C-alpha cells in the first residue's frame, strides 16, 4: 500500500516516541524502586509499535480506542499527551488521569482514548459501546479495540464478536499475538494457529498480518477501518508480533534468549527505517534528527513528571461521583 | 447407521417416556395453578426427544451428563427415575433432589446426571470437570453437555470449547438449536447459519445433524462418543430441532402457528415409528402396547408425586454443608 | 392520582424518559418483541422503533459492556438483566468497569447507565433465580443502588436513575410487578437518596426494603395494638438516607431491619453499623436484622416459605425486640 | 519451629496435601512454569508433573467451572485466581454453581474445591487490582471463607481447606507473601472456624483480618501505655467464631473491627450486627469498623496511602472509641 512521505515520517516518529517512552518509563520505575517506591505494574509495548501505529494512522480524534494493560503504545499512537502520560506513571496530579489511573488506566477522551484496562479482555465489550453510539447517531466514527492473544481466550471477547457481527457495528478488533501471555506461551493457550477463522465463524472478516511490518498493518487496517466507516461492519485483525521486554517490570523474564534475539531481528523500527531510506522517503540523517527530537521531548516529559506534585491525600474522593 | 431391535425399541420407549413425562408435568403444574400454587418455571422438552435419546443411547451410567434449564429429556434419557423426577417437580421430599432443586435442578449422580442448570450456558464449563476427571484417572468415561442455541452466545461456552480442545478432553457439546431462545429467534442472536465452524475455529470437530431424526443423531453421536472415549478429544454437535411448547409454562407462545405446524410435521416420534414399522423392527400393535405401558408408568409416577410429602419446613438447612 | 401496577409505573417512567431524551435507549434479552419477560418494556418497540430498543443474544457480559461503553460515549442506556442472578455473568462489567471508569479516568468520563434487573424469591424458582444481591452492589463504591417497593417510588426513582450521570443498579422485585398503588397524574421525579416514612410510629423503627416493605407494613398493622412501629423505606441504599433513619431511631430507641437478602452480611448489617455509631445512646434494645435464612433458596414451596421473612415472622421479630 | 515466609508456608501446605492425596490437583494461570506470579505454586510442576499442575489460558470462567465440575466428580481441585478482582469474570461459577450445587442436589453432590486468590492494596496497582471481596463471598451461603494473616495460619488453614468437603474461598494478601513467621516442624492443620487471639488485652477488642492483623498489632503496641487492646483474628469469616469474639467483648466492652475492605458493607458490619445482638448490655461504647475509604483504589501512592487503614489510623480509631 502506498503511503505518503509525511504520513510515513509521522508514523516513524510515533514508533520512536513509543519506544523511547517505554525506556523512560522503565527508567522512572527504576528510579522509584531505588527510592523504595513501588509504582505498580508496568507493561512495556516495546517491539509491538507497528501495530498501534499502523492501525491508529487511520483513526481520527473522534474515533475511539479501547486499550489494554499494555496500553502506552495505543495511547501515544492515538495522540495522547506524553507529558501527561509520564506524569500519570508517577501518580502525579498532572497525570493524564489525574493520578487516579496509573499505567494501566490512561484516559484521554479528547483524543478518543477511552482507556486502558486492568482486566484482560475487559475492553472487548466496552468497545461495542462507542461503535454502537456511532451507529445510533448516524455518524461515521469507528472504534478500535486492542488486546493480546491471551485475552482471546476470554469468553467476553467471543460474545463481543457475536454482537458486533450481528449488529454490524463499526469496530475493529486488533489482537496482538505476541506469543506470550505473562509466562504462558500461545501454544499452551490456543489449540489453533490463527484467530481469523474464529472471526469468520461469527460471520465477521478475519485478517492475519505481520505485526512487525508497519506497512502491512497499515494496509490491513485501512481495509478494516474503511469497512467500518462505510457501514460494512466489524473486522478482526490478528497481528503476529513479539514483546521485547518481560511481561512487566516485576515478573522476571522466562523466555529463551534465542527467541527474543530472533524477534529482535524483525524489529519493526529498523525494518521501517530501511524501507524509508530505500524508498528515498527519509535519509539516515533525517532519521537521526528525528530521534534526537523525540529523545528531547521525552526527557522533557520525564522532567515534567518528576517535578509535578502528587495529589493531596485528602482529594482521594474526588471524581467518584458525577 | 444400523441399530438393533432392542436398542431401537428402548430408544422409542424413552422418547415416549419423555414426551409423556412432559405432558404429565404440565398437567401437574396446571393442577397446582388451579389450587393457587405456582411451581416455578417448567420448560418442556417436547419435540426435541431425538436429541437426548440419540446421544444418551451411547452413554453408560458412569458417563456424565450436564444438562440445562430444559433438562427433563436429558435426565430421562440418562436413566433417572421418573417417579423421583415427578416428585421433584412438586417439591416433594421424595424428589430426585429432595425437593431442593425443582424442574431446573434434577440431580442423580448414580446414573451420571450431574444436574440441570438455571443459568443459560452454566453447564458448559462444569462439563469440563468430569471429562477432566476421566482423563486424570485414566478411565474412558465421557461427558455430554446439552444446551440451547441461545446458550451458544455465552462467552463461557467459548472458553470451554477452547479448553476442551486444548487439553483434548472427552466431552461432547450438544447444542440443541430449536430456533428460539425464549422469545428471541436464532436469527436475532446468530449472525451465522451453523455452529460447526465455531468448533472448528477452536480446532475441534463440529458436526451438524437433523435433531428430529433420532437415527441421524444416534449416528453422529456414535462418532463423537467414540472419539471422546478413545482419547480423540471433544466434539461439538449442533442438532437442528424445535420445541413444540412455549418457552415455559408462564411465558405465552409468541411464535407463528404455521412454524409450529411445519415442525410438527417433522415430529421425531412418528418419524422414528414409521421407520421402525417400515424396517419391520416393530409393529403398530407393539408400539401401541409400549405407549400404554409408558402411560401407566407415568400415571403411577404422577400419583407417587402427588401422594408424597413436602419436606418439613425446618429441614431447610439440610444439605448446605458436607 | 391514578392507581397503577408497579410494572406499569416502570413502563411509564421508561417511555417518558425515552420521549424526553433521544439518547436514552433500551438493551437486554427478550425486551423488544415480548416487552421483557415481566413486561416492563412492553410497547416500547412499537412506540420507539428498533433504533432504540435492542433485543440481545444471551450475552450479559457483552451487552452490559456495550451499555457501559455507550454511556462513556454519551448515550444513556437502560440495560435490563433478566434476573439479578444472571448478573454473575457480567460482574466485571458492573463492578470493575461501570463502577470505576469515572474515578479511574480522573473524572474525564461519565457513565450515565441504568442497569435494571429484578430479584427475590417467592415463586419456587429455586436457588439460581431467587437471590438478592443489593449488598454486593452497595459494597462497591461507584454504583448507586435503588430498590423501590411501590409503583409510586418505582416510577419516580427510575426517572431519576435515568437522568443520573452515574451508574445506577435498579433492583425491582418479581413479586411486586403486579402490585398496585397510586401515582400522581403529573410528571414527578424522586431524588435518589431520600428515605420515605411509610408509616409513623414511636416505639420501634422498622427499616425495610423492596418487597419487604409490604410485609413490614402488614406486620406493623398486626402488632398495632401492642407496638407502635415506624416503617421507613430507604428506597435507595446508595446513597443511604441515614438522617431519616437516625432521627427515627432517636425517637423510638429500637431498630429492626427487614431484608429479603440473606441474614448474614446483607445491607441490614451495614445499617446497624451506621446506626449504632450514630445513635448508640438512644438504643433501648439491640438493633436486629430479620432476613432470609442463610441457605440457597430451596425449590420446595414448604421450604421456600420457611426461608423467606413474612408478616408473621416480622411481627415476632418486632415483639422480641420490644419484649 | 521454623521461620518461613507466608508464601513458603502456602507452598508447603499445597505440596504436603498433594503428596498425601492424589486427587488434589492445581489449576490456574501461570501456575506451572513460573510457579504463579506470586510464587505460591513454585516447584510443583517439577515435583508433581504436568498431570497434577494445569496452567490455563486466561479463561477464569472455564477453568473455575472445570474445577467445580471436577470436584463434583470426586477430585479435589486447588484453583488459583490470580487476583480476586478477576473473580468478577467467574462469579457464576463461584456464587451460583460451587456454592449451591450440594444444596440444590439435595446433598447428593459434594464440591471439595479450594479457590485460592489474593487480594488487597498497597502496591499501586490501582482500582482493578487492589480490591477485597470477602464480604461478597461471605454473604452467599455455601462458601467457606478463609483469610490467613500469618505463615502459621496460612499453612494450617490451607491444609484444612484442601481437606474440607465444601468449597472454600481462600483469600491471601499480596503484601503478606514476603512476611515471615514461625511454623511447627511437624505437620499441623488448623480447623476452619477457630479465631486466634493474637494479643491479649482487656479494654478494647480489636478484630482484624488478613494484612490488617499486622497493622492492628502494631497499633496495639503503639497505644499500649494508654489502652490495653485484645487483638483477635477470626482467620475464617465463614465459619465465624462468634464465641471467641463475644467473650472478648464481654470482657472489654469495646469493639473495633479493622478490615481492608471498603468501610461500607464489609464483613465488619456483619460482625457488629452479631456482637450487638449478643453483647448489647456489655457494650460501653459504640462498636466501629475501620476500613478503607469508600472509593475505588486510586493509583497514586499519595492517595492509596490515605485510603488504606494503617497503624496510625488504627491507633486513632482505638483512642476515639476509648475516649
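Which chain is which? They are A, B, C and D, in the order written, and residues in each are numbered from 1.
Here is the rule we go by: a residue touches a chain if its C-beta (ideal position, glycine included) is under 8 Å from a C-beta of that chain, and two chains touch if they have at least 3 such contacts.
Owing to the predicted nature of the structure, the values given are computational and were not obtained by experimental measurement.
**Student:** So, comparing C-alpha centroids, which chain is the farthest one from subunit C?
**Tutor:** Relative to subunit C, the chain whose C-alpha centre sits farthest away is A.
**Student:** How many angstrom between the C-alpha centroids of subunit C and subunit A?
**Tutor:** Comparing mean C-alpha positions, subunit C is 40 Å from subunit A.
**Student:** From the mean C-alpha coordinate of subunit A to that of subunit B, what's the distance rounded to whole Å?
**Tutor:** 46
**Student:** I'd like the Å distance between the centres of subunit C and subunit D, where a centre is the mean of that chain's Cα atoms.
**Tutor:** Their C-alpha centroids are separated by 30 Å.
**Student:** Which positions in subunit A are in touch with at least two other chains?
**Tutor:** Subunit A, residues with two or more chain partners: 95, 97, 99-101, 105, 117-119, 122, 153-156, 159, 162, 166, 188-190, 320.
**Student:** Among the residues of subunit C, pick out those that touch two or more other chains and give their numbers.
**Tutor:** Expected reply: 56-57, 59, 61-62, 85, 88-89, 92, 96, 103-104, 126-128, 141-142, 294-296, 298-299.
**Student:** What is the shape of the graph in which nodes denote protein chains and edges denote touching chain pairs (line, ring, star, complete, other)?
**Tutor:** complete
**Student:** Could you list, by residue number, the parts of subunit C that touch subunit A in their complex?
**Tutor:** For this pair, the touching residues of subunit C are 25, 51, 54, 56-57, 59, 61-75, 92-93, 96-97, 101-112, 141-142, 164-166.
**Student:** Please name which positions on subunit A make contact with subunit B in the complex.
**Tutor:** 153-159, 162, 165-166, 188-192, 197-198, 200-204
**Student:** Looking at the complex, which residues from subunit B come into contact with subunit C?
**Tutor:** 37-41, 88, 91-93, 95, 97, 99-102, 104-105, 117-122, 150-151, 153-156, 181-184, 188-190, 251, 254, 310-317, 320
**Student:** Can you name the residues of subunit A that touch subunit C in the complex?
**Tutor:** 64, 66, 95-101, 105, 107-109, 114-115, 117-119, 122, 124-134, 136, 155-156, 159-160, 162-163, 166-167, 318-322
**Student:** What part of subunit D is in contact with subunit A in the complex they form?
**Tutor:** These residues of subunit D touch subunit A: 29-30, 33-34, 37, 55-59, 61-62, 85-86, 88-89, 123-129, 293-296, 298-303, 305-307.
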